[in-house]
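Note that chain A is present in both complexes that follow, paired respectively with chain B and with chain C.
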Partner chain A sequence: MATKTKKKYRSKKAVERGTNIAIYIILVIISVVWLFPYLFLILQSLRGEPGATTNYFFPKQWTFGNYIRLFQNKGIKMANDGSTFVATTGQYNFLRWYGNTLLIAIVVTVVQTVIVVATSYALSRLRFRMRKPLMNLMLILGMFPGIMSMTALYFLLELIGLTQKMSILGLILVYVGSSCMGYYVCKGFFDTIPRSLDEAARIDGANRQTVFFKVILPLSKPIIIYTILTAFLGPWGDYMFASLLTMGQPDYWNVAVGLRDMIQRESLANWQDGFQRFCAAAVIVSLPITILFFILQRYYVEGVTGGSVKG
Partner chain B sequence: MANLSLKHIYKVYPNGVKAVNDFTMDIEDKEFIVFVGPSGCGKSTTLRMIAGLEDITAGELTIGDLVVNDMEPKDRDIAMVFQNYALYPHMTVYENIAFGLKLRKMPREEVNRRVLEAAEILGITDYLGRKPKEMSGGQRQRVSLGRAIVREPKVMLLDEPLSNLDAKLRTQMRTEIAKLHNKLGTTFIYVTHDQIEAMTMGTRIVVMKDGYVQQIDTPKNLYNYPGNKFVAGFIGTPQMNFFEGTLKKTGDNVEIAFKNTDSRVTVPYSYFYKTRPSYLNGKAEVIIGLRAEDLSLDRDEVEKSNAKIKVKISHKEELGNETLVYGDINMEGDGFGDSPTRVIIKSTAEVEYVPGDVVEAALNLDRVHLFDSKTEVSILPRVPEFNYLDCSVKGGVLSFLGQNLKLPSAIQCEDCTGELLIPTNAIKLGGTIAANVISSETVCGQKLLALELGGRRIYATTDQDVTEGFVNISIDMKRLTILKDDEEIVQPLPEIVSFDGSFKKIKVVDDVPETEEERAKRLAKKNASPEEEPVLTKRKKVVRFLLNIEGTDFPVSEEIAQKLITALTVKRVFDKAYRYECTPYDIKFADAGIEAECVGIADYGAEKFAKCKVGEKEIYVKLCDGAPEPAGKVYLAPEIEKLSIIQADMDIRLV
Partner chain C sequence: MAKAVTELEYLGMSGWQKFCYRFVTFFQRLPAVILNFFRVTIPGLGRRIWNAIKSVFRTIWNAAAHGDWKTRFSFVIFGFSQFANKQIMRGLLFFVFEFLFIIYMSLFGAGQLRYFSTLGEVERTKPGWGPNGEMIEGAVGDHSLLILLYGLLTILFILAFIYAWYASVKSAYAVQQYKEANQHLSTAKEDIKRLADAQYHKTLLTGPLIGLTIFTILPILFMIFIAFTNYDIDHLAPEYLFTWSGFNNFKALFDGSYGKGVEFGRVFGQLLLWTVIWAFFATFSNYIVGMIVALMINKKGIRLKKLWRTVLIMTIAVPQFVSLLLMSNMLGDEGVINKLLQTWGIIGSPIKFLSDKYLVKVTVIVVNMWIGIPYTMLMVSGILMNIPADLYESARIDGAGPVKMYFKITLPYVFHVTTPYLISTFVGNLNNFGVIYLLSGGGPTMSRARSGGAGESDLLITWLYKLITDKKTYGVASVISILMFLLTSILSLIVYNRSKAVKNEEDFM
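Our next item is the complex of A and B:
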């Protein structure tokens, strides 16, 4: 009898060890697959040898020259006929594109965060007529891809003169315009903050604004960080709207449109370090997001509602 | 520190759920009131309405001398302690307590002094620098209490503050809250579902169920005189035993027969003076309530007792100092389910009881509680509604308890013998009937007099202090009921007149006097003195509200109209049906008004009432002394300010 029982059981530790090994193997594979493109990108940006492609992975010559050359080119030459932009000399103004994108992204981040947080708080805390239908409508409208309204928006913006040279303002308007659609995650977070905190504060003598600024906002750091990150990412990586609104105005492009143009225009075979420079640009584009995330991640992870109510 | 008054408070949610129904109560300064009841009974909702966190649908809430219905929580001068503490997690204990004071812009030294004082009282001085998450449940609740007391509010509201604490801590905090109440001398309103908390802390307890107040009384009175079966079952651990049975009066005794067993016990009829005789016919089913400590298994007591019942023991719960013996008075029953034959008996811990044994238990019938089996209302009420007496009528003279009273012409009654119902508040001091006051006790603010008349005990309620001995009394004849074979042959004059109608608004063009502001502006412009300058009127389109009572429109004040609109919202207020109620004293005859036909005069001697017909409805209107008696077609005008306005289909008293 005793031997039978023994056979039936496997050591719990052994089972755990086995499972862990399997899990880690899978995770390592996923990480490699995931990180490989980034690693490749960084390595290519530091490659000194000419040519679009190589048949080896690690560069033989290491250089920062690609980064330096990226910022040395100033101004794009226009074709003499003036009507359309024609690729001529491989000149581009990366710094300007970078500045354009950063300006748009920062303005949008600030405005959108304020709008999203305010909308979410109102929808979470206030009870008013049509609240539910409004929430549903916003949710459903948010599900439609923005691209559907692209043509209509273009004509509207053109009508009020916010395309071409005014496209930065136009783009800000486009990105900010639909920001309250993103209320859902933020509202979900506010819903988890007990209403009794609002009530306690109201009895303590606070009005709605005081409740929001002194009680709710300090507790909402994680979701505000999340909102900031998503608000920044949208305009930072957008291609479609930016390319449409700034058509034919390279000085007002953002990085996505610029980079797209770089690899299209610079035929990789014709141009010796075109691809390496493109990779360097891509690395620089990813910098602000990485920095932003590292600064904000400690708030992002840590929950702050501990001890408020019985949990 | 203040009185609180809740008058006909209702809470109806937009989906039509009535959470609180007609809550009326006066709370004295420094009282410790406990709202108790099962989940969903409306106790927390009532507290939140007092706090201002929920809107009051209808009714009037007064704190001190101020009606606060429409006031923000922060302006009501109340403080609240929440079940889940609701501490601000990003602030330290000190900041948590000081938050309310800082918002009120109190000087820093004063804030500091108050916070330290509160921390001292609650024993949390060492934790002032900590964040709430670094504290235990008991400490957090203390911080929450500190945050409330530091504001020195008029009223402290506590919403199940101890529910999240463990049993030991709960007992400790209970004592501390009671101590705090004594120390602060503030009015406390405490919500709990735990009847032990209610009994140990409250000066008065409000028992609630399904949004209705069941009983408001002191803990002792609730325990000893429960008004209905719910209160009897809710208050006291273990729960009161309820048996089904019947009562039969034979001579001077009443026999109590228990259902599902052949046990019978006899009690003197004097127990049942306050009971309606129809319960004592041996047929009407009643519920017999006896608390676990009012049954005894002690051998000596059982031997001595003449009220015994057989019990089959099923199981027991040993509590150390005593044993709860469970059994069944039905020998077929199992004693486990909550059946009307299950019995719980408190017994000493020394005696061993064997499950399955059949033993005899002695009943302490001095403490028996009886309830109607359908309405579940006590049939041994502390303050009876009526005196039930035998009577006879002959030649227009009513005879009862040796008294002969001439019936007024309003009461037409053929010669008969029957039952006379005199409401306890229809017996007034002063008059021609001599009665002996046996006792006088104060119950819920009014005096209940036990009088002896013609060898029987009758009851009367009064506001005056009366000493024992003979007094003269009179009987308000318009409130008598005479029953013959359970049929009402004489009915009392209806105390309430009820009309049906609607509420509407109209737009009219009218001369409207200028507002104070407009006038002041005009005077300043002209540089004229207010005496010289006449008040100007402007023709304007204005909204007027009307009560349509039985087809006739009566203008109503803006204040009353706003009450209706607040309760029911603009969308719904105008398409609802209303019932308007007043007393016969609040209606006058007028040249225009509700068309009615006067069909007779009810003359009660001292007072005369005109009997009028409005459609099919019969109503009575008080006639002024010396006024000519109306006849034929008349017009009635109720005093609008005195009307109760009730939303008919949901039965909400709005005004």
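Our next item is the complex of A and C:
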């Protein structure tokens, strides 16, 4: 009897170990799949040989030339006879794109955070006649395809002269303009703060503004950091509006538009180092954002897990 | 025909039976629900609107019939009564608004509104030479698009004016009544104080709502108007005029009467089908696989949890467009994956990941999993920690194995909590511009002629982008976006209203 339980116990342990090993194997495979593209990106950005693609994984010549030429706004151009010129000035004003995007991102972060937090507080804590209709309205507006309003926005901005060379201001307005519709996660957080805190403060004579600044905001650090993080990340990835507003003005592109142009077939055919420079640019764009993200990871995870659950 | 079962019988059913039962009863109840909608909801709504209108007119009538001369004067000059009763600030605000409106209308708005019915009459002509060699001066012509836009702005402004007029009259009459009752009239100082307390929502929401009106509502209204015009590549403003065309664009989508070398109806149907299929697979593949990955990482006894999680989070941390552009390059016919596989001798000719019309659909869904699984993993990890441990404890005592516990506890719990997330992801995927446009660009182009530049992997939204930027068929594009809106909104409103997490908003307080 005793041996039997022991055997059963041991076999159970063996099964447990077996599943764990299987899980480890799967996790390693997953990690390889997830990291392979990024490893490839970094390796390619350091590749010295010309040409869009190679049929081997690790570069044969290592160089920082792609990064250097990127900041010099130069590239290696192909001549008609197939020989290569060295370092011709290109249309890739990467530093400029980076500056544009950074500027947009910073302004958007400040304004959007204020708007989102204010809207969330009003919809979570204040009770007024139009609250429910307003929330329904924003829900419905959110379902219109963004493309639909694209042309109208374009003409509207053109009307006040905020396209082409003024497109940075135009883009900021577009991103910030409807940002109050992204209140869900933040409101979900405010909803979880006990109302008794507000009531206690109100009994002590605080008005609603004081409650907002002195009671709710100090408790909301995680969600404010989450809001800041998402607001900051948004403008880096926008392609649709940025490409429309800056059409034909490469100096005013953001990084998404610029990088897509760099990797397009025509560019790869014209520039011997087009793809490598794309990779170098992608690394430079991603690095600070990735580091920032990992530093603030905790807040992002809290936002995702909390917000999605409460709707 | 499923017969009604009691609560006890229902609880005794297996999961599959429950599903079937609910499926059948859903359709059985559907007619009643729809009937209820028309017999109760709409009349109810109608009655509320009617009552609101009645009360508005009653207020105006009362003010006109029982108002003193100051109140009556306020009908013409906004804020007069407040001004006369020493509510300087309020009176001034009303008056300044009226003043601005009159200036705007007389200088500008009235002129724009006059052309609104035709959207412009004078066509632009180029300067040139007449038949007898005389010089013809070019005419500037009307800009239909701007007329439409200004017209819309003017209409919104007029509506705001009517509301301000009503508010002014109402407030003037209220001031009079307060005076008659010898009650205290609030001073400007008190008004401002109230904006930080009882009226604090006005302070907080005014800015955001102005932004919403200009950057979301106005463009949407504008595009709805465009759907009823013949604005397309043959009528491009400002060179040519366009005008109202009624329901022609809607008709064009269904009977193919709109030429321009595109069979809109067929392409729309085809892409709609693919859009729905895409949204379904993109949502549920991420959800299910992401949940499995989360379970594996969070399993007891697995070490290095933080490492695995960090590796996966890479796709969130790196800007999405970088990942997508990179993937699109790697998966191309000449991309590194094909090159490597060929060098190693695994395949003879390149796999057409992005240029075969069937394979591309698989590719975008798989790459989307690569992008989306980390989100699901994060979210599910958070939820897993919240599942009460005693549930598992009692299940274990009852002799349940890990598989049974997964299907009876974990899955239902996670599914129940994440329903709102699933819905919003599904809607988001219906309009997922980024993944498709940056990855496959919608390609490969449909081989059949008259497809309007649509590609095999195009979603409706990326096709719209092409229609607007390349083909410039704005009218039909607007119709398509209206249809898309109807589709997504009806779908999500139905599900939103059924999900409990939305209903129980106040539970957390």
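Some notes on this structure:
Definition applied: the second predicted complex is superposed on the first by the 240 of 311 C-alpha atoms of A that agree within 3 Å, B and C clash if a C-alpha of one lies under 4 Å from a C-alpha of the other, contacts with A are read in each partner's own complex, and residues count from 1 in each chain.
The rule we apply is simple: a contact is a pair of C-beta atoms (placed from the backbone, for glycine too) under 8 Å apart; a residue touches a chain by one contact, two chains touch by 3 or more.
Owing to the predicted nature of the structure, the values given are computational and were not obtained by experimental measurement.
By the touch criterion stated above, A:54 is placed in contact with chain C alone, chain B being left untouched.
In the superposed model, A:218 makes contact with chain B only, not with chain C.
Between chain B and chain C, the partner in contact with more residues of chain A is C.
Within the superposed three-chain model, A:122 lies in touch with chain C and out of touch with chain B [touch as defined at top].
Contacts of A:14 after superposition: neither chain B nor chain C is touched.
When the two complexes are overlaid on their common chain A, residue A:204 makes contact with chain B while staying clear of chain C. When both complexes are overlaid on chain A, the residue A:289 reaches chain C alone and has no touch with chain B.
Contacts of A:275 after superposition: chain C is touched, whereas chain B is not reached.
Shared contact residues on chain A (touching chain B in one structure, chain C in the other): 194, 207, 210, 304-306, 308-310. Put simply, chain C touches chain A in their complex at residues 145-146, 149, 193, 196-198, 200-201, 203-205, 207-209, 211-212, 214-220, 222-223, 226, 293, 296-297, 299, 301-302, 308, 310-323, 325-330, 334-336, 339-340, 342-343, 370, 375, 378-379, 381-383, 417-418, 420-421, 424, 427, 431, 433-434, 437-438, 460-461, 464-465, 468-469, 474, 478, 481-482, 484-485, 488-489, 492, 496, 499, 501-502, 505, 508-509. Partner chain A is touched in their complex by these residues of chain B: 51-53, 72-74, 78-80, 82-90, 99-100, 103-104, 131-135, 137, 140, 147, 151, 164. Residues of chain A touching chain B in their complex: 194, 196-197, 199-207, 210, 214-215, 218-219, 304-310. Partner chain C is touched in their complex by these residues of chain A: 16, 20, 23-24, 26-27, 30-31, 33-35, 37-38, 40-41, 52-57, 115, 118-119, 121-122, 126, 128, 131, 134, 138-141, 143-153, 155-156, 159, 173-174, 176-181, 191-192, 194-195, 207-210, 212, 233, 236-237, 239-240, 244, 256, 259-260, 263, 275, 278-279, 282, 285-286, 289-290, 293-294, 297, 300-302, 304-306, 308-311.
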